[in-house]
Amino acid sequence: MKRNIAMVALPAAAAAAAALLADDFVLRFLAEILLFGIAVMSLDILIGFGGLMSLGHAALFGGAAYAAAIAARQWGGDVALVLGSGIATGMVLAALMGVVVLRSGHLFLLILTLLMGQMVWEVAFHWREVTGGADGLRGLPALSLGPWTLSTARALFLLAALLAAVAFVVGRSFVAAPIGRALVGTREEPIRMAALGYSLFAVRFRALVLAGALAGAAGALFPFVNLYVGPQSVHWTQSAAMVIMLVIGGIGSLWGAFIGSAVYLGIQTYLSAYTDRWQLCVGLVFVLTVLLLPNGIASGLRILRDRLRRRGA
Amino acid sequence: MTAILELRGVGKRFGAFSALRDVAFDVGERETVGLIGPNGAGKTTLFNVITGFLRPDEGSIRLAGQSIDGMAPAQRVARGLARTFQTAMVFPGLTARENIAMAVRQHAGDGLRWFGGARAASAAAEIAVRLLGDAGLAHRAETPLRDMSHGERRIVDALMSLALSPRLLLLDEPTAGLTRAESDRLLGILRRNHADTALLLVAHDIDIVFGHCDRVVVMELGRVIGSGTPAEVREDAEVRRAYLGSTGG
Amino acid sequence: MPNATDHEGRASSASARAAASAAATRRLLLVGATAGALAPLATPALAQARPLRIGMVTSLSGPFAALGESMRAGMRLLLAQSGERFADRPVELIVEDDQARPDDGVRKARKLIGQDRVDLLCGVIHSGVALALRDVVTEAQMPTFLLGSANDLARKAVSPYILRPTKTNWMLGSTAARRSHETHPGARVVTAASDYAAGREFVGDFVQTYQEFGGRIGRQFWTPLGSADFGPLLTAIAAERPDSVYVFFAGSDAVRFLRQWKEYRLAGRIRLTGTGACFDQEDVLPAVGDAALGAVNTFHQSPTAPASAAFVEAYRTSGKGLPGEFSTTGYACGQVLRAATERTGGDPTDWARTRQALFDAPVDTAFGRMPFDPRNGQAILDIHVHEVRSAPGGVINTVVHTYPQLRDPGPNA
Amino acid sequence: MPDFLGYAAIQTLNALSFSALLLLNGLGLSVVLSLMNFVNLAHGSFFLMGSYVAIFWLGTGAPWWLAFPAAFLAAGLAGALLERFPFRHFYARPHLMQVLLTYGLSLIFADLMRWGIGAQILLPELPGALQGVVFILDMPFPVFRLFLIAAGVALGLLLWLLLDRTIWGAVLRAAVTDRGIVETLGIDTRRVFTVVLVLSAGLGGLSGALGAGMLAAYPGLDEEVLLLALVTVVVGGLGSFGGTVAGALVVGFALTFSKVWFPEFANLAAFAALALLLLLRPAGLVAPPLRRL
């Protein structure tokens, strides 16, 4: 019980402190970290719990971003509309992707998700009338909630923090529920799952659609941080970046996703002013994580905590 | 006696190799049938065909009077057909309780539940613990399967299948690699639970087959070459030549 | 690439120096964070003592990495020539990498504005980044010299906080059509370009202008950005048998296209014209060599125009080859920044005054005399027609004609 | 009509030459995948490394044809070093961990090469013998591309003979199926695996040397090439020699003729075709034999 209170209180206190103390740039940066964190967490459900290696996750995230941006340009930036269109798009794209890719496994899945994701990218890149093509979409209205306009960095940060909290609770309840256990079962021993009467497709499809909904929710808010959405947010390199964030943060822990996105974006944002070799740093951090902490920083922190606790006891 | 399983003219080829040819026999309700034959006789292939992991090239299969041809494995399980595998197929990373609960939840129709899943999960866990207790493994409930002995894994594997309350349970070499004591314990568990379950059992240990089965089916090179009560099979000349002779003598 | 190692040695020592100076900047910043809070109380004299801080957003990784490095090198060269001071005020340059990704570019720009508190912002190659930045700097009221070249930046997306000391795509596409019409009236032209925003603009402006002159346009080919193999396209062009082909490709696409253009023996059989970027002196021509011989292109940057002679000489003695578009752009942007600082007595942060000072008189840059159009803040530029000719040590874009002082149609187009 | 015939012939040759490049590159990837069940996403780095080695070699004026063995050896050496650490420790790990490790390494190599060589685009100076052109039904076709096709066919045949028709190949396949038995015969399987990885890396380097003449060399090429190789190997069906050949032909023709027929939607059309193919044949064109349950 004490632990549960701490789990709620600590992030809430951190978010409140950040909202009060940080400057506009940092708040927007944190909002981006949180939104990417949500998307990476949804990828963790696929990779960490389902063993489904996807290189097309940015298509769900970015596709939802486009849908939300287009809807907002048409009907205004109401948060419910934006989130609704993003989540719906994420789920529809995930369902389409699922129908195509989930009959395959391993490397086939990797390549099929890549192909599917790149097809979404091609559409975003070439359908100039709707998506703005290579230049992307600008001129989005600010987000609004009833009579309030949520255009300040602080409001965006708080919205992202709230969404991250909700997404985390949703994600956790999913993996803890029977469906989540079944997902782990399909990863560990798919044939046994079939012999127990589980439909592998049904289990994986549900996980993918949920991941699409979460990534879609994050993607829906993403364009409003910078009032811009472009095809790079759909590109497979974005998917690869999400995988990197996931691995650095920790596969299979859900909350590691947020650490991973913070570390990756932190390196990219702060290190690149000092050295052109920041990609080398990302690569080294990534490889060292795989070699030394196969379950990422999250597992490292857990080991550290256990050690401290043992010493304290 | 009504048949729970009816096989008619089942055939399966891998390229030029005929793994099964015109296989036909029945398993009655609550009956225990032994399936024996030398290596390569097609016993495991037949299991895979019956449970839907392989598509037969010809023939038909009926479960409880209804055709199950073309059904996916999961659909056959839903109709009361369960199986174990030659090597214990369990979830090594999960605890014994979680392994069995996975089966219990699916059987209760809660396998894919999310909302209200907590209640379903705790009910399933309770049943799983009870089953483990019945099998004398209560103290191992929270142990991950990868840390368990071969025999214990076999038992958990069988418990998972039994948790589905199947009408017909296919057991592929359930006692392979077990000590005598472990084998007896496993068979005891099966016997206790199988009042309403028919068993189709592959085993290399002739004593087990002849000691526990109501009827025995003998296969060789993909064909059924004899069947009957253990006593009848023991007397069958062709069976003796093909199988008993080669292993017994 | 005979000098590659030599060149790298120098480049890395230069970047080591840059890293050291960046680190020094950081330390200063820590002090500056507290001082910054007092800034409103500071007198103008104090503001003068504080270095002029310039932020640059450019692509140092991703597909435009080579171009971004050139842009940074051009700017650094100008700073070095000026003794790291404009109008006797020390200048600090902070360069940030946008990876040619708008989201990252915007984040970096916000960091430069919000955390590094730069006085002026410049840079950008990718037009998507430029358009995304346009809204950010306008909202932040940040004086910006934006170097992307999408037509919209001089038209629908004009901002009072943005000046543009570079070309628009229209300037090159329309002059290429004019030149084609003037030298070969009535020729049937097919087009081939990378299918993205810039390609669509170059080809669109070319086709529109050429048709206004009554020219005939044949098929228009579009290829995906980053095509591995141009064989199918070149075979299709050969089968069309046009008089001439107008092309836009950039970077690796341009190199592959031109190399294969020669391999398929189209050189000499079909006249090749294109935008300057496809024949960039620094980025493309050293790789393709004589494969581009005889091709005609229109460009605002030229290694052989008189106005750029001093810069070309300086750039070469700094250990590089002949400068291309983006090294010249970086240098010219620096010249404009320097002029802006000098004309405002060392403090260009009063943006209305600075703008006016740049509108009042043209700036002499490596691009030639550069007046700014007060309607949209867009530079008015000389556009050169080049023919690629052989020269000692390679091939060179040689000016054969110049359309002087071209002005983009602007907001009313 | 001859016009059309010539056009069709040249476009087919275009597709074949691109397929040859895909084949050479895909073979390197599929050799480790099929023989060692190891996924190496750093394969694109070997390719780019081979390209750079060949370009610098050809720039020195040394005998041009030695550029190809030089690229093979350089990349092979890199492969040997990587095999010792860290690849060797990942052979028994799940594919996911192999994918992550090798992708991370490819990021490091990409930036190291960029650091050492720079970001500029480089093209090899081809010898005069390869710069010619032949006319087929009045349409020009570069000799260099015929050279590519010939190299693809020759190396493919050589590899097939080596792996399928020699005792060494038999040992190799046996070592993969049952390590224990081969080791009781006194053969060091670790060395066998090292040799396979050197061969794979060398093939990557060699295809980079050959491909540089068509693709040029620049930072980022490693990733583009890796994706093409992966798609080739996967479409072909993992881990069979014939599958990689089939995959290279299918991908090469799909990418080429989508450019011929729908130039504006070339990638979309090609991706859709490949995805459809994988949907109809989820295990690739040449599926490995069924595994028993």
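Each chain carries a letter (A, B, C and D) given by its place in the written order, and its residues are counted from 1.
Here is the rule we use: a residue touches a chain if its C-beta (ideal position, glycine included) is under 8 Å from a C-beta of that chain, and two chains touch if they have at least 3 such contacts.
These figures come from a predicted structure and were not determined experimentally.
Between the contact lists of subunit C and subunit D, the overlap consists of A.
Ranking every chain by how far its Cα centroid lies from the centroid of subunit B, the top place goes to C.
Taking each chain's centre as the average of its CA atoms, subunit B and subunit C sit 73 Å apart. Averaging C-alpha coordinates per chain places the centre of subunit B 46 Å away from that of subunit D.
Spacing of subunit A relative to subunit C, judged by their CA centroids, is 35 angstrom.
Chain centres here are Cα averages; for subunit A and subunit B they lie 43 Å apart. Of all residues in subunit B, those touching 2 or more other chains are 53, 85, listed in ascending order. Listed for subunit D are residues 264, 267, 293, each touching two or more other chains. Among the residues of subunit C, those in touch with two or more other chains are 195. By the touch criterion stated above, subunit A contacts subunit D in their complex at residues 47, 51, 53, 100, 103-104, 106-108, 110-112, 114-116, 118-119, 122-123, 126, 191, 236-237, 240, 243-244, 247, 276-277, 279-280, 282-284, 286-287, 290-291, 294. On subunit B, the positions that touch subunit A within their shared complex are 51, 53, 72-74, 77-78, 82-83, 85, 89-94, 98, 101-103, 105-107, 110-115, 117-118, 120-121, 124, 160-161, 164. If you check the complex, the residues on subunit C that touch subunit D are 1-2, 4, 7-8, 11, 62-63, 65-66, 69, 195, 221-224, 226-229, 231-233, 235-236, 238-239, 251-252, 255-256, 259-260, 263-266, 283-284, 286-289.
Taken together, the subunit A residues at the contact with subunit C in this complex read 23-26, 28-29, 32, 125-126, 128, 133-136, 138-139, 226-228, 230-233, 268-269, 272-276, 278-279.
If you check the complex, the residues on subunit D that touch subunit A are 33, 39, 86, 95-97, 99-101, 103-105, 107-108, 110-112, 115, 223, 227, 230-231, 234-235, 238, 264-265, 267-268, 271-272, 274-275, 278-279, 282-284, 293.
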